[in-house]
Each structure stands twice: as structure tokens, then as C-alpha cells.
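Scrolling down, you'll hit the structures one after another.
The following pair of complexes shares a single chain, subunit A, combined with subunit B in the former and subunit C in the latter.
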Partner chain A sequence: MDYAPEHVVFMEHVASGEHYAGADGKPKRALADISVLIRKSETWGIIGPSLFEVKLLLEIMANIKPYDGGRCVLMEQGMLRRKRVILRHVFYLGNADMVYDNMKALEYLMFVTGKLPIDKVDLQEKIFEQMIEYGLGPISLTPNYLLTKEEKAVLALFAAAYSGSLIIIFNLPEYDFDEVLAGVIARLSAFIREKGKTLVLGSQNCHLIEKACSHSAVLQDGKIIFSDTVDNFRNNYDPVIVTIQDKQAETMAEKLAELLPGCQVILKNNRLMISSSSQEKDPGMIYKRVLEAGFIPERMEINPKTVQNAYEELIRRHDLQKQLL
Partner chain B sequence: MIYRNSYFKKELRQAYSENRASTNRKLASALFLGLISFALFFVFQTLQESVLSEAVPEIMQPSFYSTVYLYIHLAFFFYTVYFILYYDYLFFSEIRRNSWYLLIQMGYHSVVMFFSKFAALLYTVFLIYTIGFIFTVILTVFLKYTFIYTYLPALYVAGLTDVFLIGMFSMTFSLFTRTIVNARYWTFFSAIVILILKLTLGEYNILSNRVSMQNFYNLLDLNHSLYMPVAAILMIILCLVCLIRSNNLAKYYNLPTDQILLPSGFDVVYIDSGTGKRKAAGKKAKKGWRSKIFDTVSTAGLIFFICAALVFNFLIIAVNTSTPGQEVSIQGVIPFVFRSETMEPAIQMNDLTYFQKIDSQYPIQEGQIILFEENQVIYVERVLGKVDDKLRVDIDHYPPMSQPGAMFKTILRQAVQGVYIGRNRWLGVLILFANTIVGRLLFLLVPAVLLFYYKQIMAFSKRINRS
Partner chain C sequence: MPQSRYTSQEQIEEMRREIQLEKQKISGRLTCTSNARHPKERTVFKITGWIVFFSVVSVLVAAIISINMAKNRGEIPNVWGFQVFSVESGSMEPTLQIGTLIVSRKTNHPESLKANQIVTFRTLSGYIVTHRIIEVVTTSSGNTAYRMKGDNPVNSPDEDLLTPDRVIGIFVAKIPFTLR
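Coming up: the complex of A and B.
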């Protein structure tokens, strides 16, 4: 593998050439003032409500589309603004059609890795074992034309993990990865990091980001409104303290709203979510109040902090701020 | 080792996930092609007594030459269809799908991939064509025609050149067209261009000459035809263009033309801050004008075919009912297919003839060919002389073994129903063909199916394209 510098992607005030054609005739940049720093062996999940913006940002990052302003440095080398030449150190995955249909999944992986300077027998054995270990066993002997586009995308990511490229950009925010495939991506992400490479994935799946990424960036209205580790994201923005499951959840919600004035009580999917943005963050105290109200909940647990909740809260705050302005 | 694959082997498999399935399919295609040529030869044999025997004797003669000649043309047609159907697997659309991008990132080299793909295509074409050719020759052996092997090499090479050329044209176009539908149109138009080249450069003058084809070098002789050298030059140019273009395309990641990620109501424009130039992007990006032209041309062609076939069917019905004793007149003209040699050379066997319906006042001249009825039988003979209200008539040509003067008659003027005004030899052969099983299928069944099941066929074709 080539030497990998510490700073893998460095974007500073990057702006896209793509503009939204506004109704008033005044165009608005799709992406503006994008600054992000991605280091070696990190896995970044870029998330945002607009698929177009997420996709565009990753395309610019991979030098697939030109950018119009700011500075973008990949592997500590400047990128040409207007030319979209493939860079050998960037492996870009922007669609699943690149996988050949007239092969089986395992066979395809054997085929694409055929030119790597590794002993073929060992490599094939390793890939086969890895596929089974990661949960791709059931599709390993399935012809590719029978696979879903998400499965094909994971297959391409599998291949990319073995490539010599130091950055892998998995730009498929429009794809809907199920629990199993998200698990495979998470395993592949760990494998990629282990090899000292960097993975950047665009997604709208918070669960995937939670499982597979070490860092996350949230893109809203063409700007990055958050970029840090996933742990910090969850801990700082997920306001839910405890969740309660009970048959009487609805009655409980009304009562608790009165008893916990500093907290927000939301009923979601038959679960009560108690969140607080102020003083009362102690789950023990909330439990005490619940008992005082005369309820003994069937199940009450401290919220493990999820990316989903954090993301929703961040977007909510951002929208609120926008309205105030 | 579980799998031992190379890019060349992958190319040979085309659409199949098993090598064996692909090989079997190729062999089956070759045998099918041979059998179809043989069947077509028999269809043409049923049209033996028609203008075809004079116009295209090379396909009408009972000889090896005719079956093989038909084979090489059918092979060309087959390959055009084959390339259109298997376009996605045979040509360079995979570069646009970024399949090469992935392989290049994994250590494959674009030049090597180009040559592998090119070699695989030529090998596939060569294999199917050669097996089909041999099979056609073997089938013809059963007809016990005199076996003259001297013209076979020239025919083989002539046919192979055409299929290689259409393959290379399709390969080249696949590198310049963004959508598969457009590329398929280009393949079709390439086939037409090749046929025009063959016609204009005199290739058919050699091909249709059985004697000249016995000397292989006549095919390459520039004094006879320029087609072969032009084809060779074209192949070299196309090969180089493919190499350069594929290598160049493989350097870029190809973005899909349709941007589906924009929410409805949003339009995107690309603005270059340096030059201030605006370019539509996303859903408003300009759609290819070529695509619209191709769609219009193909739809118009299809409509024309259906209409022509239907009109032709009405004509056949009219002509078929207009047999001696059952004349049908269209605008005062009686058409019917003349199935006799008795009026040669003026009217030949299976010509479609037209007779002007006349009344009793019409002045019939000596030398005119007339249609008359005698004892409830219709005759066509030439007027030799007139006496009062009687006409002396006879046929022009007495077939061998018949008694000259046997058809000489003196008839009443009132018996005359029409006078000969003309003939059409090609319509005659078309009607003859339309009355065969294959002809009925082509002219009646195919348009009827297209007309009544148009929507279902279109829906099926869209499903295939999507998959």
C-alpha cells in the first residue's frame, strides 16, 4: 500500500458550481462554504435531508465533479478545479451498475481481485471466508443479476476494500440498506480502517452511520452544520434521557408532562421518550417522579443515545434557528 | 482455487453466468442460422418461375452457391439483430456503467481490456459464422447438387468481412452514444451503410457472378470492386478509434445522464463563476436530439411497414379473387397473376398483369393482347386480325411438345372483356411469395400482431430494456 498522509481530505470553504434556480430568478448555490477535515483511518458518514447535496459533496470530494470556489486537498495534493480525471488513490462508488451481471457474487470478487499482487489461492480463500463471516454467505453463489442494487453496492465496496486506493467514497445515499447489509458495511468499514484506509459514505440511514462510522458530518441547506465524531454527535445532540414502554404510555405521557416541567415527553412508536435540554438530566430522578405519579412502567431504560435522535434534534434546532432569523 | 477467470473469458460468456451455457448458445445459434438459410433457399425455390430467376439467379439456382450465398446474407442480418439484442454485453456500454473504472482501480489495464474484448467479439463472430457456414454446406450435400468448392473460400471471406465490419461499427458507436437505445439504432444504420457500400462499390457485381467467385483473388481485385480494401481500411480505422476512445473514456468516472435525486420543483443550473456561463443540469439537462430523431424514424418506419403490409394484403386478396372466371376490376382495371408461358415474351410466367375493362364500342386493334371468355373459360391471346365482328386470335408462344396453332381461335367481339395494358413482374413475385406460408406470416400475421398487440409489445420491450 502507498504511503498515506495524515490528512486525507481537506476542504476549505468549498462551493459548488451547481446552483438551485430559485423562483425569483436568483440562483442559490447548492453547496457553499464547506469545510471539513478527514484524517487517515477514519470512517465518515455524511448525512443530510437532501440526497442531491450529499451526493454532490461526495462527488466533489472524489474529483468526479468540479468545484467552483474554495480549496480542496486530497492526500495532501491539490485538486484541479475543473477536470474530473479519476484519481488512483480515490475509489469512488456512485452506482451499483458497475458490477457485472453475468457472474456470481463470489466469482465476481475473485475476478476483480485477480490482478492484485497477492497469492491467488490464499486471496480467494480469504475472500470466501470473509464473505461468510460478514454475513454474505447466502448471496455468495447467487448470479449478480438476481441481486438487489444494495447488495451489488456492498459487493463493490467489498472489492474496493481490497483495492490499493487509500480513500473509498461510497456515495449511495439514495440506496436503502437493510439491517443485514448495514452490518456487512460496518464490518467492511472496520476492515478498511484496519488497513489504514479512509472510508467516506453518504447516507440517509442514521443506523448505518452509527454502526459503520467513527465520524459524521451533517449537511443542511448546502452547509455543514455539524462535523465531529459519532460519539460526540450522539452524546451532545441526542436529548432523550430515558425511554419507557408501557400499555398506559398515553396516560403516562399526560401525567409526566405535568410532573416534569423541564422535560419534553414525546410518544413515538408506543414508546415514551423523555428528553431534556436543561437541568433535569438525571435518569434516577425521572424514575422517582414516575413512581411518584403512581406508575410502575413495564420497561424503562436509559437511552443509549442514537444518531437518529441526535440527527433529528440537530435538524430541528437548525430549522428553529432559521425561522428565528 | 475456486474460480479461474480472466477478462477474456468473462467476455466470451456474454449474458450468461455459465461458460457452458454461453458455448451451447453459440453453437445453437450457428446451427439455427444454417437451418434458416436452408429453409429460405426452399422458399425461394417455390418462386423459381418468376422474375427472381432473372434478377437474382445467384440465389435461385439449384446449387451450393445459392445456399451459401443466402447464408452469408442471412448471417449479416442475424448479426445485426444479435448485436442489437446483446449490445449491453458485447460492446463498450460497460465503460459508461463504470465497470471498467472499478477494474482499473483493481489493477486491470484499459488497453489490455480493450484487446481482450475485441478478440472475444471477433472470436465469437468467427465461431458462429464458421460453424453455420459449414453446417449450410453439409445440409446442401443432401440435395445432391454438384459440389464446386472453388467459390466457397471467396463466399466465406466476403460474408465474414461484412459481419466483422458491422461488429466494429457497433463497437465504435457504443463508445460515442450515451444511451443503449441510441446505440442500437446506430447498429441498425451501420448495417444499412454497409449494404449501401457494397452496392455502390461494386461488391455485388462480383458476388453475384458465380464464375468470377471461383477465383478468390477476384474478390480482392481493385479493378472489380473497391469494397474489400475500403472494408479493410474502415476496420483498421474503427479499431484505432475504439482503442483511443475506450482508453480515454476509462480515465473518467461517467456520471449518469439522469439526475433523480432532486426533489420535485427544484431545478439545478451549473454556473461557472469564472466565465459566468450557465448550463442546465439535472432534470432540465438537454436531452439528445439524436434520440428523438431515431425514435421518430423508427416509429415512422414501423407505421409504414404495417400500412404497406395491410395495403398489400388487400391487393393480394383482390388479385387472388381475380382469377379466370372471377375477374375483379379495380377502377376499370382487371389485375391477375398470369400463370402460363403462352404469351412470352410479352407476358411472362407469374407476372402481375393489368387488363383494361372495355365495352362493345371500344376499337380493338390488331396486335393487342385481349382477355376473352369462351365456353365459360377465360383466355388471354393476341389479336391477329379482324373480320366484321369477329376476331382471329392466337397465343405468342407454344411450349415445347405442344401442337403449334392449337390455340388459334376465331371469337366474337362481344366475348372480349378487356385489353392488356401492362404488367409488373416484381409485384407478381411478391404476390407469389405472399401466397406461401412464410409470405402469409410476414405480410398478414406480423402486421396484424403488431397492430393489435402494439401496447403489449412495447411494454414487454420496455421491461427488457429496464432489466
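Coming up: the complex of A and C.
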């Protein structure tokens, strides 16, 4: 493998000249001030409410789209602002069309890894067993034209993992990856990291970010409002302390709102989520109050902290801050 | 029957078997190869290869040197008695077309040539010509001479008889695909 520098992507106050129509009908600058540092062997999930912004940021990282302000360094090499060439060390996935329909899944992977200096039979065995292990067994020998675009995208990511490129940009935020495919992407992400490569994926799927990424960046209104590890994101921003499942969840919500003035009680999908951004964070105390209110919940559990909750809270706070300004 | 979207467990097992079979075949092939050639044999093959290579290179170098030496002496260059000429007129058409390269061989007995043989010789005016012997003639002094003529039907026999001392070589072959 080529020499891989420690700092893979370095963006400082990057701004794009592209605009899109905002909710009020006025043109809005897509990316205004982007600063992010991505290191070797990290998996970054770029998430945000605007699909266009996420896609554009990853396109700038891959050098497909130009940027108009700031500084952008990729693999310790400055990227010319107007150059629109995908660099040799970048494997860019902007759609699933690179998976040929006239082949089967395994056959395609053997085709794209054909130049690797490894015995072909050993390589075939390795890839085939890896596909099965990662959960792609049911489509391993399926003709590609029968696959969904999400399955094809995962197959392309598999190919990228075996490529010589040091950065893989998986720019498919519009694709909807189910639980199984998210699991495969997570396994592939670990494999890519093991090989010393870096994966950057654009997504609107919090579950995928939680499973597959080591780091996350949240993009809102053309700015990065959060960038750190996924664990820090979950722990610092998910305000939900406990979740309660009960038939009487609705009645319970009204009562608990009175009993827990410092907490927020939200009913979502028949589940009661009790969150607190400041004072009362003790689940024991909340349980005590629930019992005091005369309820014995069917199921009550301490929230394991999710990216979904953290993301919603961060966006809520950001919107609130905007309104105050 | 519509094709199933998913790969069945049987198909997976079948593929595994195929891969194992292929691996066995390869390992068998490797064993056969290693049995067939021992290190000693390989060394002999290597040495023979080098000897052949150096022989070919030596021959080529010798040929180049000999050709250059002959040129410097004003002689017609030859390699082991074989000379190459280029046909520059149509006097021997259709047998030898203009531009063909021909090979002639030096002869030790220029006085015993026969009719119908194609001969390369020097004319009295010094040009090198390749024509066919149409008649073997004995001169009044008892020496052998040859009447020459180009194969082209429009040609008439050469005016001068060819004497053995002017014979350069006997036509052997034309080199294929050398027509300019």
C-alpha cells in the first residue's frame, strides 16, 4: 500500500459557491464555513437534514466539485479549487452504476480484484467466505441485475475495500439501507479501518452512523455544528435517560410531566421517553417517581444512548439558538 | 421459470466444493511440476539455454564483422558463401520481380554450370546481373562459356557470352515478403 499520511482530509473554512432555494424561497449558500479534520483509519459519517449539502461536501472532498473559499488538503496535497478530477487515492462512490449487470455478485468482485497479486483461487475463497461472514451470502451468487441499488452500493463498497485507494467516499445519502445492509457496511467499515484506509460516508440514517462510524459530523445550514467521535456524540447529546413501555403510556405521560418538572416526557411510537438536559439524571429517582404516581410499568429501561436521539437534540438546540438570534 | 433473487444454501455449498476442487487441482499440478524437474535438471536447462544464446549472438557478431570487412575490401559481402542481392530491373520477370531480395551461393566450379540455372555474374562493363543460362557453349579455344538471357519474354539473349571467371554465384532462393 502507498504511504498513508496521518491527516487524510483537512478542510478549513471551506465555502462553496453553490446555492439552493431555502424554505422561504430565497437562495441559500450550500456550504458556508466547513472545518473538519479526518485522520487515517477513521470512519466518518456526515449527516444533516439537507441531503444536497451532505452530497456536495463529499463531492468537494473527492475533488469532483470546486470550492470557492477556504483551504482543502487531501492526503497532505492541496486540492486546486477548480480542478474536477477524482484523485488516484480516492475511491468515490456516487451511485451504484459501477456494478455491472451482466455479472453475478462474486463474479463482479473477482473481476474488480483481478489485478491483485494474489492466487486467484485463494482470493475467490477469501472473498466468498467474507461475503458470507458479513451477511452477503444470500446475494453472493445472485445476478447483479436482480439486486437493489442499495445492495449494489454495498457490493461496490466491498470492491472499494479491496482497491488500492486510501480514501473511500461513500456518497449515497439518498439510499435507504436496511438493518442487514447497515450491518454489512459496519463490518466492511471495520475491515477498511483495519487496512489503514479511511471511509467517509454521507448518510441520513442515524442507525447506520451508529453502527458503522467511529466519528461523526453534523451539517446544518452550511456549517458543521458537531464533529467528534460517535461515542461522544451519543453520550453528550442524547438527553433521554429512561424509556418506558406500557399500555397506559399516554396517561402516564400526562402524570409524569407534572411529577418531573425538570424532565421532558415525550411519547414516541408507544414508548415514553424521559429526558433531562440538566438536573435530574438519576434513573433510580425517575423510577421512584413513576411508582409514586401509582404506575408499575411493563418495561422500563435505561436508555443506551443513540445517535438518533443525539442528532434530534442537536438539531433542536441549533434551531432554538437560531430563533433566539 | 423466474430466476430466484437469493442465493440458496445449496448454491453456496456447490461453490465451496468447486473452489476446493480447483485448489486440489492446482496443488496436484504443482506437485507434478516439482517432480518433473529436479534442481540439477533445471541447472542443465539453464546452462544449455545460455550456450545457445551466446552461440547465436557470436554468429551474428561474426556475420556483421565479415560483411563490413568485405565491404571495405570492395568485395561482395557473404556469409558462409551466401550473398544477398536486390533485383533492380524487370529483365527476370515474372520469375524475379523488381525489389525482390535473392540469395545466391558462391560456386567452386563455375565452369561446370548447366543450362536453365539462374546465375549472378558481373558483366563486361562491371554491372552485377542475374540471368538464366540458356545454352552452354564451347568456344573455339575449347573453353566453356554460357549464353545468358533474362526470363522476361521481351528480352533477347545477352550479347556477350558469360565466361566462368565472371560468375559470382548460383541463385538459391528468393527471400519471401521482401518485395518493395
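Throughout what follows, the second predicted complex is superposed on the first by the 317 of 325 C-alpha atoms of A that agree within 3 Å, B and C clash if a C-alpha of one lies under 4 Å from a C-alpha of the other, contacts with A are read in each partner's own complex, and residues count from 1 in each chain.
In this text, contacts are C-beta pairs under 8 Å (C-beta built on N, C-alpha and C of every residue); 3 or more make two chains touch, one makes a residue touch a chain.
Not measured: the values here are computed from a predicted model.
After overlaying the two complexes on the shared chain, residue contacts for A:I132 are found with subunit C alone; subunit B is out of touch.
Looking at the superposition, the partner that touches the larger set of subunit A residues, subunit B or subunit C, turns out to be B.
Within the superposed three-chain model, A:N205 lies out of touch with both subunit B and subunit C [touch as defined at top].
Touch criterion not met for A:Q220: it reaches neither subunit B nor subunit C.
In the superposition on chain A, A:P143 makes contact with both subunit B and subunit C.
In the superposed model, A:Q124 makes contact with both subunit B and subunit C. When the two structures are aligned on the shared chain, A:R88 is found in touch with subunit B, with no touch to subunit C.
Of the two partner chains placed by superposition, only subunit B is touched by A:M103; subunit C is not. On subunit A, the surface patch touched by subunit B in one complex and by subunit C in the other comprises residues 106, 121, 124, 128, 143. Considering their complex, residues 106, 119, 121-122, 124-125, 128, 132, 137-143, 146-147 of subunit A touch subunit C. By the touch rule above, subunit B contacts subunit A in their complex via residues 1-3, 5-6, 10, 13-17, 89, 94, 97-99, 101-108, 251-253, 255-256, 259-263, 266-273, 281-282. Interface residues of subunit A, counted against subunit B in their complex, comprise 17-21, 27, 30, 50-52, 55, 59, 62, 64-65, 68-69, 84-86, 88, 91-92, 94-95, 97-104, 106-107, 110-117, 120-121, 124, 128, 143-145, 156, 159-160, 162-165, 173-174.
Taken together, the subunit C residues at the contact with subunit A in this complex read 3, 5-7, 11-12, 15-16, 19, 22-23, 26.
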